[in-house]
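What follows is a group of structures, each given as structure tokens.
Same chain, two partners: chain A is paired with chain B first, then with chain C.
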Partner chain A sequence: MSTKPRVAVFDFADCEGCELQIANLEEEILDLLEIVDIVSFREVMKEHSDEYDIAIVEGSIMRPMDEKRLKYIRSKAKILVALGACATIGGVNKIRNQWMPEEVMKDVYGNAKVKGNELFNVNKTKAVNEVVPVDYYIHGCPIDRDEFKHVITALALGKKPEIPTYPVCVECKKNENVCLFERGMYCLGPITRAGCKAICPTNGSPCEGCRGLVKKAETECVWEVLERYNLSYEDIRRRCTMYNYGRAECGAQ
Partner chain B sequence: MTKDFSVHVEHLTRVEGHGNITLDVKNGTIEKIQWSVVEAPRFFEAMLRGQQYNELRAITSRICGICSIGHSLASLKATEDALNVSISEQTQLLRRLAIHAENMQSHILHIGYLAAPDFLGVGSVFPLLASKHKETVLKIVKLHRLANEMSDLICGRTIHPIRLVVGGFSMVPTKKQLLTLQKRLKESKPVVHDVAKILLSVADAIPQFTRETEYIALSSDDEYALYEGVLNSTDTGRFHEYHNYQLLTNEYVVPQSTAKYTKHNRASYMVGALARFNLNSKQLHPWAQDVAKMFNLKPINYNPFMNTIAQLVEFAHSIDDSIQLIDTLLDRGIKEEKPTKVVVKSGRGVGLVEVPRGLLIHDYTLNSKGYCIKANCIIPTNQNHANIQQDMEKLVPEIINKTPKEIELILEMLVRAYDPCISCSTHYLDVTFK
Partner chain C sequence: MEKPVYIVSKKELDSFVNKLIADQTYEVVGVQAKGERFWFAPLENATDLRLDHDVTILPPKKYFLPQYESLMTFSLEKPFDVTPASNDKPRIIIGIHPYDIIALQQSDLVYLDDQKDDFYKKRRDNTLIIGSDIETVSDRSFAGSMNTHTVNDGFDLMLTHISTETYAVTIGSDKGKALFERYAKGTKATSQELKTIEKIRRELPTKYTQKLRLDKKKWSSVLVANYHHVIWEEKSSKCVECSSCTMVCPTCYCYDVREDVSLNLKDGKRIRTWDGCMLRDFTKVGSGEIFREEIKARYRHRFFRKGNYLPERYGFIACVGCGRCGIACLPDIADPCKLFNDLEKLPSEKETSCFFIKEKTEVGEKGIIHIPRSATIKKVAQCNELDTLFELELDDKKPLGHKPGQFVEVSVMGYGEAPFGISSPPSDKPVFEIMVRKIGNVTSKLVSLQPGDKVGIRGPLGNGFNMELFEGKNMLFVSGGTGMVPMRSLINYVTDPKHRKKYKDLIILYGAKRPKEIVFMNDVEVWKKVDNMQCELTVDRCEPNECWGGCIGLITTLFPKIRADKLDAKNTIAVVIGPPVMYKFVIKCLQTLGIPDQNIWVSLERRMKCGVGKCGHCQINGIYTCKEGPVFNYNQIKRLPEAFE
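For the complex of A and B:
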């Protein structure tokens, strides 16, 4: 590519932690600026342009007004990248999908008069690909900074980024951790997509499944793990609520 | 001067979350001034319904990317209060370090990346990299990195901490790691001093505006309160009944905002670094007090734009206090210890902490099996929204003769000075589950 691709970052409903992870690249942002032009990034810059090649979209989609904005962004972008769990799988925001939007509205806003106010017109939570086509995914809650660099560098060079398809256990083993099941904990590592360097188990906490399920779980291995620790498939389904609620793969909805 | 103009800032930049500013002036008369929060509501309290006590921390951490450590600590304190769980001295010390780490990373992010471009007349830090200010930006980056690496070391990760669990830590840093951190904190002091001097050289860009208001923060007899303290107000003094915090916060809904507003003794109050400084500045470490003196910052300061300077003062305090906390930890000897064992029971717990943007409260009611049946979170930025609105109403008539572009910039700077965390602030009210 002769000219640098123009990159724009957008956010919807989320904690903006994944955008912050970009700022947390610190000096390494300077390397990225060598290969891309950042033309819009509301959280850190006032400048804005509607002319961009790559749109990086963070957050999940809650309201008709947000769907409209997302469709506009899609229409402008050659490549759309979903950034972080809220965008890739709906994130923790999907926990509320087990109730009707009207019900959570009433729970949180009580009897406040918000009917007909589009700010409060809320649908069920959607991941970005439930509204517009997504070209690439950067998984995690929050994203891993190195993976972000890898994806953006690959796209800037016109290449396809490589995202792991194997489970977190592979990375956990590389870190030589004692398996958390052995320590009496329950971990979603066997069914969760890797790429996070198994950061949670390495810090003594179970994997919560923020990167979504592996595309094709090695069912035999999963059954073996479950059998070895005397657990049922039901246990897995129950533990998936934080990130995978509503995913057909985990049996809910 | 008679004139017609409008200022409409949609999705204000360099803040966290989506907020709009509207100003309509006709024939020189202000027809409308409005600060509104248009962020999509996320319903966190509803999400906590039916979640087990040990999952509440990980979920509520996701309220905010910038203050996820603060949310984690408020959540743990509320959970531990509900379950009568006491924590060890080591856990207490490490949590205090964690709060300093977050305060430092959040404050320097705001001072350097979000606010400073206004003082230097640019739209973001990026153009500064190609200017004479490159060295300054690199100094800020260095401090930001240090604060983030400190968070990583204590919490396992800067954003959405991993090691903070009910009753303690899932893993603790080693003696060697703490010593290295302490050495780096000491080495960073001249860098902080340089950044302070640079800020001082552009400090006349800080608007001279004052409006008397109420300030609320935690206060403690023992120290500059961040992790622990009692509710305190510049208007009404100390309030010890923390389970009845609603008597201070009084949330209400306004149509222009998916985030709720609060008020106490007046139409609005302010929380955050300036509120803490105004209430507790005598307890700052001497070096932090020197930094305050450089900017002539004295309590009670009624200029909301000075919040950014109060953050710089707190940054210096956090460095010195962290150095001291590490000494205490090393003196008593850091060791692996299991989190306190939890006996599940029903109960209600409230956790209060001071996070970068101010007072944060989590309030949970658990059933006898340890599942959450009711939750309430009061976010700092919620508490500041009404104060931002009141400031705008006083500020605009004072600057009405400036050009619309200048007015727009000053209003943006005002909101940014509060360092609002808008995505945090949406969606909060007392929730009762049937």
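For the complex of A and C:
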């Protein structure tokens, strides 16, 4: 029997872009196959097994049937890893939590007859850790491939992956970018968890907070900063809604 | 002696720079525009060079201590195959302003001290500095008030823009002279031209809009007088904790070290990367404690480091007034000029504390300070349910040569490095012992290793106990929890028949959380039989199913067992090693017994990462635990607020 950890990849409500990032390892995926046995990964293979050590779960949890499936996955896995913003923080899917599920259904499906159909039985959106315990997180929308490699090699070596607890500004400064605030733009870099190599600000786009807010995000101070740069609270709160609906005010994960 | 000065035309200067670029010996780096700001970047053509820059986003520090730097590569497949990283190509950096040259000279003192950083040293030797006198003053800079707006040395060449089409080139070194003579033609500056240069430099301070009202020489004393002032709370409450101030600072040099393993799990790299004391996890230790958790304390630390701790240690103010932090700080609270101008307005409080001690450090190991030596695990023994004792042997078969109280950094390739107190007494054999409790990546991996497996060792590091100083004295050992690990080295030394006569009565007070957490029970049994030895144990609590017939209660409950009437307190040395929470209470007990402060010795725990007083993680006020400690005389550090808080 192989001593390699068995890995299964699952998806819930998402765009599957984070799974694609794994497939995008290209030749390196051969190295990955050397160190783990992938027993289930719908995006790239037909085979499936219910015997796995590590479950990598992508996507947000929307329906009672999803919760049931996720709990089953959790019961099978020794380690559960949440993959990407939809799974780690609920991500973009949480935007609709501003409205009641019934309103959302009505808006999208109108008068179509979906009542009683389990597939359309929608709840409030949840991140994976709101349903089952999560051992490790691979943040981002999409995830950073290097960080995926870091996490998977750490797990294969039996160690705890080290994920930054500090904000994006640290990596942005190391990249020697002109600060977007100085350029008259807003940016969530000061309150967003690093680990993405500050890819957005480095390429001229503001940070949208896809890796979640840092543990002790001092949001109150950020509002003061906004004032200094002539930005409004409403403006930035809307920006936070993109990935961090419901978390901007409380500030912590 | 006056430095030779030549005059070149703008055209000649451009030609000089282009010739340097064409010469493939060097990588040529120069100041260039980056959007609305400036940065140092590889230069492809002299026309890209901007000597009229106000300030660059990052200082040239990045060429000596890169943001991400590989210290070594290792193999996970071979037992101990470690290769130190090779060095970069020689480099010429053009356009460094005087304040940044001064910042580099400061880093030299830190990185080239008794424990020299070879990576830094090679880069420094490999790099030619072509400075440029400031043409455009940054609106946030206060270098004029710091006297860092001009510089007399620290450069190979210095460029000064003296008129529209002409530059003066001051020769600062033989290397600079050779470079200039090889690639440029200039005429010797006339006395009139020399006067122009002098005038430019003399008048520069008047161009600064930011001015310091508090003389930099007074920073240190004003800080010390205001350590507990409410200003730290007020200012830091606006901090977003992004650490941008430390990231852009030319005099910040703290770093983190981590391991990157390839996806094939065959090889990996040890990476050094910039870190900052403003980040919350900077002082996090293995057991999870964060020693400077409050933002107020971190915010204050940054200014004390610049204005008091480093000045006391090295004699320089660790701020050159470049103004980068002021630009980078979103809520605008990081600027030292503003902070010290605010402090100047405060009523001066009485000077209460001293935050620095300077002690000679025993430099144990020579060689490349970051690269471990290989060692083999000889024995592995379970000490109790939580702790494993390892006997290690250095593969060069040399004795470790440590003193009780010193520590080693142990590496497991691919998993990282962690500090461990040495628990065996000094020995002339090449073996020594460490105790491992599974808490992090390194310790978890270590406990899975078997005899014959290889690990990396750096050390012995830090200061140990001076055993000769204790001769003729009674010894009182107080240890809590895993504090017994380094303490055992000391007790076994003293109780060794070879040394026993040198010390008088011995008392051991030892407390553990629970019976199953007691380490070295076998040693305890032996110690109990030693002549004139009193050995008392206690546990904080005991589960009903645990077997324990001894005392239950905190370590302080053992003190009444000491026969105070028989104890010659003035002639007793007390050594305390334990968890941070223990010290305050134990020291009070010792003082009640009448033991003078100068007879109390402690060993402190912090996150000793580099082990050589550079990375900054283990800093307690002005001292580095790894360098001035971990063993301290209580008298030396009792006034350091961060030591026992």
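Criterion: the second predicted complex is superposed on the first by the 225 of 253 C-alpha atoms of A that agree within 3 Å, B and C clash if a C-alpha of one lies under 4 Å from a C-alpha of the other, contacts with A are read in each partner's own complex, and residues count from 1 in each chain.
Just so we're on the same page, contacts are C-beta pairs under 8 Å (C-beta built on N, C-alpha and C of every residue); 3 or more make two chains touch, one makes a residue touch a chain.
This structure is a prediction, so every number in the text was calculated from the model and none was measured.
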Superposition on chain A - do chain B and chain C clash or fit: fit
Partner chain in contact with A:Ile35 - chain B first, chain C second, else both or neither: second
Which of chain B and chain C A:Asp53 touches, first, second, both or neither: neither
Partner chain(s) touched by A:Lys173 [first = chain B, second = chain C, both, neither]: second
Which of chain B and chain C A:Glu147 touches, first, second, both or neither: neither
Touched partner set for A:Gly189, first chain B, second chain C, both or neither: second
After the two structures are overlaid on chain A, angle v-u-w for chain B, chain A, chain C in degrees (C-alpha centres, nearest 10): 130
Residue contacts with chain A in the superposition, chain B compared against chain C: B
First, second, both or neither for A:Phe181, with chain B first and chain C second: second
Chain B versus chain C as contact partner of A:Phe120, first or second or both or neither: first
Partner chain in contact with A:Thr165 - chain B first, chain C second, else both or neither: second
Overlay on chain A, chain C to chain B nearest C-alpha distance, Å: 11
Interface residues of chain A shared between complexes with chain B and chain C: none
Chain C - residues contacting chain A, complex: 34-37, 39, 57-58, 62, 67-68, 237-244, 247-248, 258, 260-265, 273-274, 276, 279-281, 295, 327-328, 330-332, 414-415, 440-441, 444-445, 448
Of chain A, residues touching chain B in the complex: 11-21, 23-24, 26-27, 30, 33, 38, 41-48, 62-63, 66, 91-93, 95-96, 99, 103-105, 107-110, 112-114, 117, 119-120, 122, 141-142, 199-200, 203-205, 208, 241-242
In the complex with chain A, residue positions of chain B that touch it: 11, 13-18, 38-43, 45-47, 49, 51, 55, 58-59, 62-66, 68, 109, 113-114, 117, 123-126, 129, 138, 141, 144-145, 148, 156-160, 162-163, 165, 170-171, 253, 255-258, 423-424, 427-433
Residues of chain A defined as touching chain C within the complex: 25, 28, 31-32, 34-35, 149-150, 152-154, 156-160, 162, 165-167, 169-170, 173-174, 176-179, 181-183, 189-191, 214-216, 218, 221-222, 224-225, 228-229
